[in-house]
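Going in written order, the chains are labelled A, B, C and D, and every chain counts its residues from 1.
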Amino acid sequence: MNGYAQDKDAYLKRLKRIEGQVRGLHRMVESDEYCIDVLTQISAVTKALQAVSIGLIDEHLKHCVAQAVAEGGETADAKVAEASAAIARLVRS
Amino acid sequence: MNGYAQDKDAYLKRLKRIEGQVRGLHRMVESDEYCIDVLTQISAVTKALQAVSIGLIDEHLKHCVAQAVAEGGETADAKVAEASAAIARLVRS
Amino acid sequence: MNGYAQDKDAYLKRLKRIEGQVRGLHRMVESDEYCIDVLTQISAVTKALQAVSIGLIDEHLKHCVAQAVAEGGETADAKVAEASAAIARLVRS
Amino acid sequence: MNGYAQDKDAYLKRLKRIEGQVRGLHRMVESDEYCIDVLTQISAVTKALQAVSIGLIDEHLKHCVAQAVAEGGETADAKVAEASAAIARLVRS
């Protein structure tokens, strides 16, 4: 079971909202809205995505990584390395 | 006319693709895909949005800011300050 | 003359402070301080560097880019392209 | 014992180099070097700090968080929450 399972509906709602925001960006460009206003909206979408990723990492650590660590051995090492790589991608994106 | 006007179709295509990527995130969560795979996809969407914003800033500088600077005076100062604020939001998002 | 010339002393002071913060990080690690506290300090140093870069970009646009745009032609195009590339590096770092 | 203990010397070396890079920034501004070159160097310092933080997070997960999780209970929950908060600060900085 995934870490985010218990908050699945909340994540689905947030992603649906972000999808709507990106559609809104499309409408803004379609109707030639001012560059700065489009840029401001892009920053908002980026922050919303960031918040989802921070939530997912937290739940992944709490459930998937914690479970693997409880098992110990190579399972734990692989799971922690995988989480670290995902965190590195987020920090660098 | 907006800085991005001449590349409007390209931006619309990119935003449509990003919208599809976010819909893809929604599908991944709906079908309980592994947290790390969802996180990897979020990093990809963030990078795609970043590339759009970097393009828009470049075109805004080339057209809107350059035009205002050519006019000079308060118009120019206001336009540069506005661009700097948008860049700050992007750097911080 | 550089865009930041008139605020040179302020930038020198800020960079000296950031240098001190990085030396502080070194001391923290040397005295085996807790990882999370070191990470919190790294976030603070990153934000301070970000603020310096946002200031430098603003001044560069106001002075160097504005001057080149006033000259027009290839000088202007090159200067804007150069600024856009620097902004892209900052957004991506 | 801290997660980074076994790599302490490597971290100290990296932080000393970053300190030198920031001193280099100070010299650049002092000698009125071109804004874009200073900005390029700031991006390099930011990336170096990012790499240190990603390393520290990895080691913190492997040692401190893993140990707390093995103990279980409130210790584990608090340690994971603390790590998540540090990761959130890094993603947002």
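The definition used in the following text is that a residue touches a chain if its C-beta (ideal position, glycine included) is under 8 Å from a C-beta of that chain, and two chains touch if they have at least 3 such contacts.
The model shown is predicted, which means the values in this text are computed figures rather than measured ones.
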Steps in the shortest chain-to-chain touch route ending at chain D and beginning at chain B: 2
Chain pair showing more contacts of the two, A-D and A-B: A-B
Furthest chain, CA centroid comparison against chain D: B
Chain A-chain B separation of Cα centroids, rounded to whole Å: 18
Shared-contact residues (touching 2 or more other chains) in chain D: 50, 53, 57, 83, 90
Pairwise touch network: line, ring, star, complete, or other: ring
Sites on chain A touched by chain B in the complex: 1-5, 8, 11-12, 15-16, 18-19, 22-23, 25-26, 29-30, 32-36, 38-40, 42-43, 45-47, 49-50, 52-53, 56-57, 59-60, 64, 82-83, 86, 89-90, 93
For the chain A and chain D complex, residues of the former touching the latter: 50, 53-54, 57-58, 61-62, 65-66, 69-70, 72, 76-77, 80-81, 83-84, 87-88, 90-92
